[in-house]
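First chain A sits with chain B, and in the next complex the same chain sits with chain C.
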Partner chain A sequence: MKLLVPLKQVPDSTMRIKVAPDGKSIVTEGITWSISPYDEYAVEMALEQKDADPSTTVSVVTVGPVRAKDALRAALAMGCDDGTFVTSDENAAPLVVARALAKFVEQKQPDLVLCGRQASDDDQGFVGPALATILGWPHVATVTKFAPADGGIEIWREVEGGHEVWKASGPALVTVQKSDKEPRYASLPGIMKAKKKELPELALSSLGVDAAAPKIEVVKMETPPQRGGGKILKAADGDAASVAAELVRLLRDEAKVL
Partner chain B sequence: MKVWVIAESKLMAQKASELRRVSLELVAKATAFGDTELVDVRGPERYVAAPAVDALAKKAEADKPDLVLVGSTPSGRDLAASLAARLGWAYAGDCVDVRPGEGSVEVARTMYAGKVRATMRLSLPAVVAVRPNAFPLPKTPPTDFQAQTVAAEMVPQKLQFVRFEPTKEAKAGVPLAEARVIVSGGRGLRGPENWKLVEELAAALGAALGASRAVTDAGWRPNEEQVGQTGKTVAPDLYIAVGISGAIQHLAGMTQSKTIVAINKDPDADIFKVADYGVVADAFAFVPALTAEVKKAKAAA
Partner chain C sequence: MTPNSEIWARLLLALVFGGAVVAFALQAWRLYRLMRLGRPDAERFGVYAQRLRDELVVYLGQRKLLKRGYVVRGLGHALIFWGFLVITYGTADLLLAGTLGLRMPGVDTAAFMWMVDLFALAVLAAVVVALVRRRFFPPPRMIVQLDGYIILGLIGLLMVTLFLFEAAAVGGKLFAAGAPVPPLASLIAPVFAGPSAPAVFAGSWWLHVLTVSFFLAYLPRSKHLHIVTTLPNVFFRTTRPRGALRKIDDIEQQEHFGASSLRDFTWKQHLDGYTCTECGRCSDNCPATSTGKILDPKMIILKVKEQLLHEGDALLAAGDQRGASPTDETITAEELFDCTTCGACVEQCPVTIEHIDKIVDLRRYLVMERGEFPPQAQTALRNLERSGNPWGQAGPSRADWAAGLDVPTLADNPEAEYLYFVGCAASFDGRNQKVARALVRLLRAAKVSFAILGVEETCNGDPARRIGNEYLWQTQAQATIETFGRYRVRKVIASCPHCFNTFKNEYPQLGGTYEVLHASQLVAELIESGRLRLRSDGALKVAYHDPCYLGRHNGVYDAPRAVVTGTPGAELVEIAPHDHERGFCCGAGGGRMWMEERKGERINSRRMEQVLALEAKPDAVASGCPFCLIMLEEAAGTKGVRERLRPLDVLELAAEHLETEKS
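What follows is the complex of A and B.
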């Protein structure tokens, strides 16, 4: 089976994010970049399939600025077979990214494309569904598992109260939700191997995609107001009931949420 | 301005006829700034993008709404993104405010896993997914709107529904993302066998259950209950965190809550930095006392 994971490099989840003086972007100095968390789950899900069936190939692709190459290397170090780097400036429109990925998918012809549910920079969750729509492929959202089945692929979609199992009979796309399988760490041999692999580079402009896209601009970015300065109640042994009563009173009369 | 609100009921399959609260919230909001039409997609029992998108795109091209609003539930968001891509319209997901302007619409939403608040301006026409609970529901339901249905047809050969596998621990109740009150448990609860502690508190409050990732990773609770960067983003009226330390990735998913209560035995736990009411206490002693007081208060009311 041929699997493809389009992944995005974003600020590591441990980073505090500061708004830049222009009020429209973030301070990138000092940021550690990582594969977006849901994309890591997607890579893991693909590699599980490769573990089960070694004839499986797992490819990764990213559209991004030069630094994003590191995300591809990190995915190769986890065990992916090949990575393709599509160079673009920082702010390629999401629809243009999806079109570029669609060109790449058409060349590569994978059986299944695994996108993240959303990238944790723009938090949009657009590129996966958009890519499927452009390809005219069926897609399933918030997926936690897949498995080859008779004449197709079975896909587990997380919904309220359980999972729906769907079956795709041809190529399909999934957007990946967090699953039970924690993304694996890169192994040392994996890292060595990844270093030696070539990363073919393509310029976004060379793919011949339509660059027209609806206008979506950031007008303003702000750090959410600091919370805190809350009331602290201490319930030492024995007075749990009175502190609980006080808390209920505060929630009812002061916060008005009961 | 012509506004469509996509009715979320059929989309969510399980309760076929009941309209989700978020759809009413959006209709109420939309009628304040435009000619509103509630659009219901009738078709496959279970949501899958393609048939709904095909039907809606055709209708949208004919009717030309300026703005399509969709509830930012998992299915709604997927539909909204797919529809925007199909139509080539502007898109924003998971918004908490929508302010129409001349030829454009401004939306408020979070970015960077909830760590930044952003205002974005989209050219019209646009598709915008709005988070449940973003707008209050008026006392009297809105009546000043039109309704229409659109028929969707399943394309059977490409993708087929096979079966439903219920989660063992799952209980019927308020979906986490739409809950007004959430009680979340962390590793401080020591094991799944202690969950009745938070379950009883949640039952007394009519709350949904949440969990930290430490808990879902350990398999104590299902993934769908996880709150945070790789779980659900929630903004209820009241969020009660029990035995949760307050890691940055957890905070990313819940600091938009209106009121936050933290119960933790460590006075230096980071969760207290975002709490409106912090209780430094052993959860095993305090939570049952709180449950009892909540029941008392509810009985008196």
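What follows is the complex of A and C.
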């Protein structure tokens, strides 16, 4: 089985993000970049299949600036077979990314494409479904498990209180949900091997994609408002009943949870 | 005896004893070849004066057997051992005289005879005690095996036959008139004074030398082999500081990491296995074993040895085959990651076995080669890699603890005398931020010139190294050494013993050599010299908990105590008998800080019980380590004793008593 996982490199979730003085971007200085968490789950899900059937190949691809190569290396270190780097500007429009990936998928012809359900930086969840649409492939969202089955692929997706099982007969695209299989820790031999691997580079133009259309501009960016501190009710004269009454009042009138 | 029969007797003895020597040699040769499956180990050579001294103190002097808590048992062993030395000299004489007719010098003196008899009696008594103990009161973690009984039986038999043939010789007047005779045997000699004396003499004499021969032939397959292997095992013990793990050189060029096979241990690590006597002192003192975890340090040593004895011959024959790692076979990841690397096992082992190195080598294999280890430890290492601290806090918030204190960074003040390396715990953990602030107050009060790295500080790598990711440690350490180099750092203060240990003992492996002080050392000195003036705030009994990486690993026992005793009004309470070198770990070392503890009793809970059981009823329990503080706080909270037994750091204790601060 041929699997392909498109990756996005995002600021690591432990980073404290600051808006740059231009008000339209983030400060990238001092940021550690990582594979977007859902994409990492997608890599893990693909590698589980490779563990079960060693004839499986897992390819990764990313569209991004030069630093995004590190994301590919990290995925290779986890055990992926090959990685392809498609050069673009910072913040390429999601549709541009989807178009570029579609061209790449046509060249690579995988049996299954696994995308993370959304990237942790912009949370748009756009590229996966858009890629399926461009390709004209079936798309199953929030997938937690898949396995080859008679004449196709069985796909489990999470729904409220249970799961559905789908079956895809031809190539398909899934977007991956967090599952209990935590992404594996890269072994040192894996890291060393990944360092030495060639990463073929493609330009957007060589894939016939116009980097400038559509053009998206961020108009304004701001951090969420600071959360106010908690409120502590004090029983100044040891009267628990009046504190309780005040608490009920606050919960009803201010928090509106009662 | 006729000359003819004497020649036959000599031949027979030569044959019996010669056979035993051959049997011993063949087995010993096999063990040696198996041992050499291990890698070469350069750190075992050099510093010979110290090695000889160790040999005198640890082997001949039995120093590590006579440790606190083991004095009586240790003395029993020492008597058997010293008796063995004296009596072996006599045995050598016996065998020489019996075969070649030569005598060892001094054996026919009264002094030597007194020594032999007194030791023989002492050994006999010790053997009886050991047998009774083994049979009726076995220590909890002793593996009672036939081997132990065989050995004790053989030793007992040797002493009994010794007395018998001595007494028969005296009774039968086989000694030249006027020559010194064995004094104690003489007391029972009249029993053998009859005509049967020569027969009793011959019978017991032959039984004695047969026992000696059997003993020799049996030795290599017994744990009793330690009487031989302890000699080299002590001699070749590591000269690395206790707190330093072994560096993997040229790590990027290696094909295998850690103990991926028996071949990846060094020969000395296999010698450790041959030397283990299964006494169980390591297990007795292990915080994991004694709170019901799977880990038993003794079993780690024995399982590796068992595998070597079972698979070693095949590996020797196969030449280049690597074979399995012990973690693939008998040792589970869980037991390896139970270890807090507290060093109690290494501290207590009478024959200088290095347990932590073996455990870490096995962890290295699981972490670096296989990527299979507890998920929480994976998260800690991922955090460390990505955000520079194992908690995954945002790096730029590292100096937030110092808000409002106006603490200079080295960038502001490159001329500062000391770099205060705050460490991740005091940077990000709310409780320990107070300790960092306390230290700043102390340093200010004493007018010490210092600065911090601020947001340029990252984890020095210690958790990575202890968990088994040597590569990540080297990366972090090199980055830190570069940062230090940029500011020409020479003197470092650390309030965290893990930072302190790593800088002091491990950074030199990468070329980073600094004058490193634990904050308590500096503060103790400042109090002593009068630069810090503290005032009394009423009487306070303070129990002191020894952090493993300050105490056992670095021998810093006195300085933090001096901070307590130097604080007016404070009275130091020892958590006896678990103080100083017998300090009981808080449970957070070796990367355990970031792993859940689900099995058995919680280690910090046990530690808190020990403090609560003190008759002195301390008001506070002080430590000198942020991890210990977190663990003590948690245990005090769980037990609901925080009100009457306040966990704190000795630095906070001192800072609260500063003259310049109001109570």
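As a convention for this text, the second predicted complex is superposed on the first by the 236 of 258 C-alpha atoms of A that agree within 3 Å, B and C clash if a C-alpha of one lies under 4 Å from a C-alpha of the other, contacts with A are read in each partner's own complex, and residues count from 1 in each chain.
As a convention for this text, contacts are C-beta pairs under 8 Å (C-beta built on N, C-alpha and C of every residue); 3 or more make two chains touch, one makes a residue touch a chain.
In this text, all values refer to a predicted model and were calculated from it rather than measured experimentally.
Superposition of the two complexes onto chain A shows chain B and chain C fitting side by side, with no clash. Between chain B and chain C, B touches the greater number of residues of chain A. By the touch criterion defined above, A:D180 reaches chain B but does not reach chain C. In the superposed model, A:E198 lies in contact with neither chain B nor chain C.
Within the superposed three-chain model, A:T14 lies in touch with chain B and with chain C [touch as defined at top]. Once the two complexes are laid over each other on the shared chain, residue contacts for A:I134 go to chain B alone; chain C is not touched. When the two structures are aligned on the shared chain, A:L188 is found in touch with chain C, with no touch to chain B. With chain A used for the fit, chain A forms the apex of an angle whose arms reach the C-alpha centres of chain B and chain C; rounded to a multiple of 10, it measures 110°. The superposed three-chain arrangement places the nearest Cα atoms of chain B and chain C 6 Å from each other.
Comparing the two interfaces of chain A, the one with chain B and the one with chain C have residues 14, 16, 182 in common.
Those residues of chain A that touch chain B in the complex are listed here as 10-11, 13-14, 16-17, 19, 26, 37-38, 41, 94-95, 98, 118, 120-126, 128-130, 132-134, 137-142, 144, 154, 156, 158-170, 172, 175, 177-180, 182, 213-224, 227-228, 230-235, 237, 240-241, 243-245, 247-248, 250-252, 255, 257-258. For chain C in complex with chain A, the touching residues are 251-252, 255, 257, 367-373, 375, 378, 381-383, 386-387, 392-397, 455, 469, 471.
Of all residues in chain A, those touching chain C in their complex are 12, 14-16, 30, 32, 34, 182, 184-192.
Those residues of chain B lying in contact with chain A across their complex are 12, 14, 46, 48-50, 53, 74-75, 77-78, 81-82, 84-86, 88-94, 104, 106, 109-123, 126, 155, 157-167, 170, 172, 175, 181, 205, 216-217, 219, 223-224, 226, 229-231, 237-238, 248-249, 255-256, 258-261, 267, 272-282, 285-286, 288-290, 292-294, 296-298.
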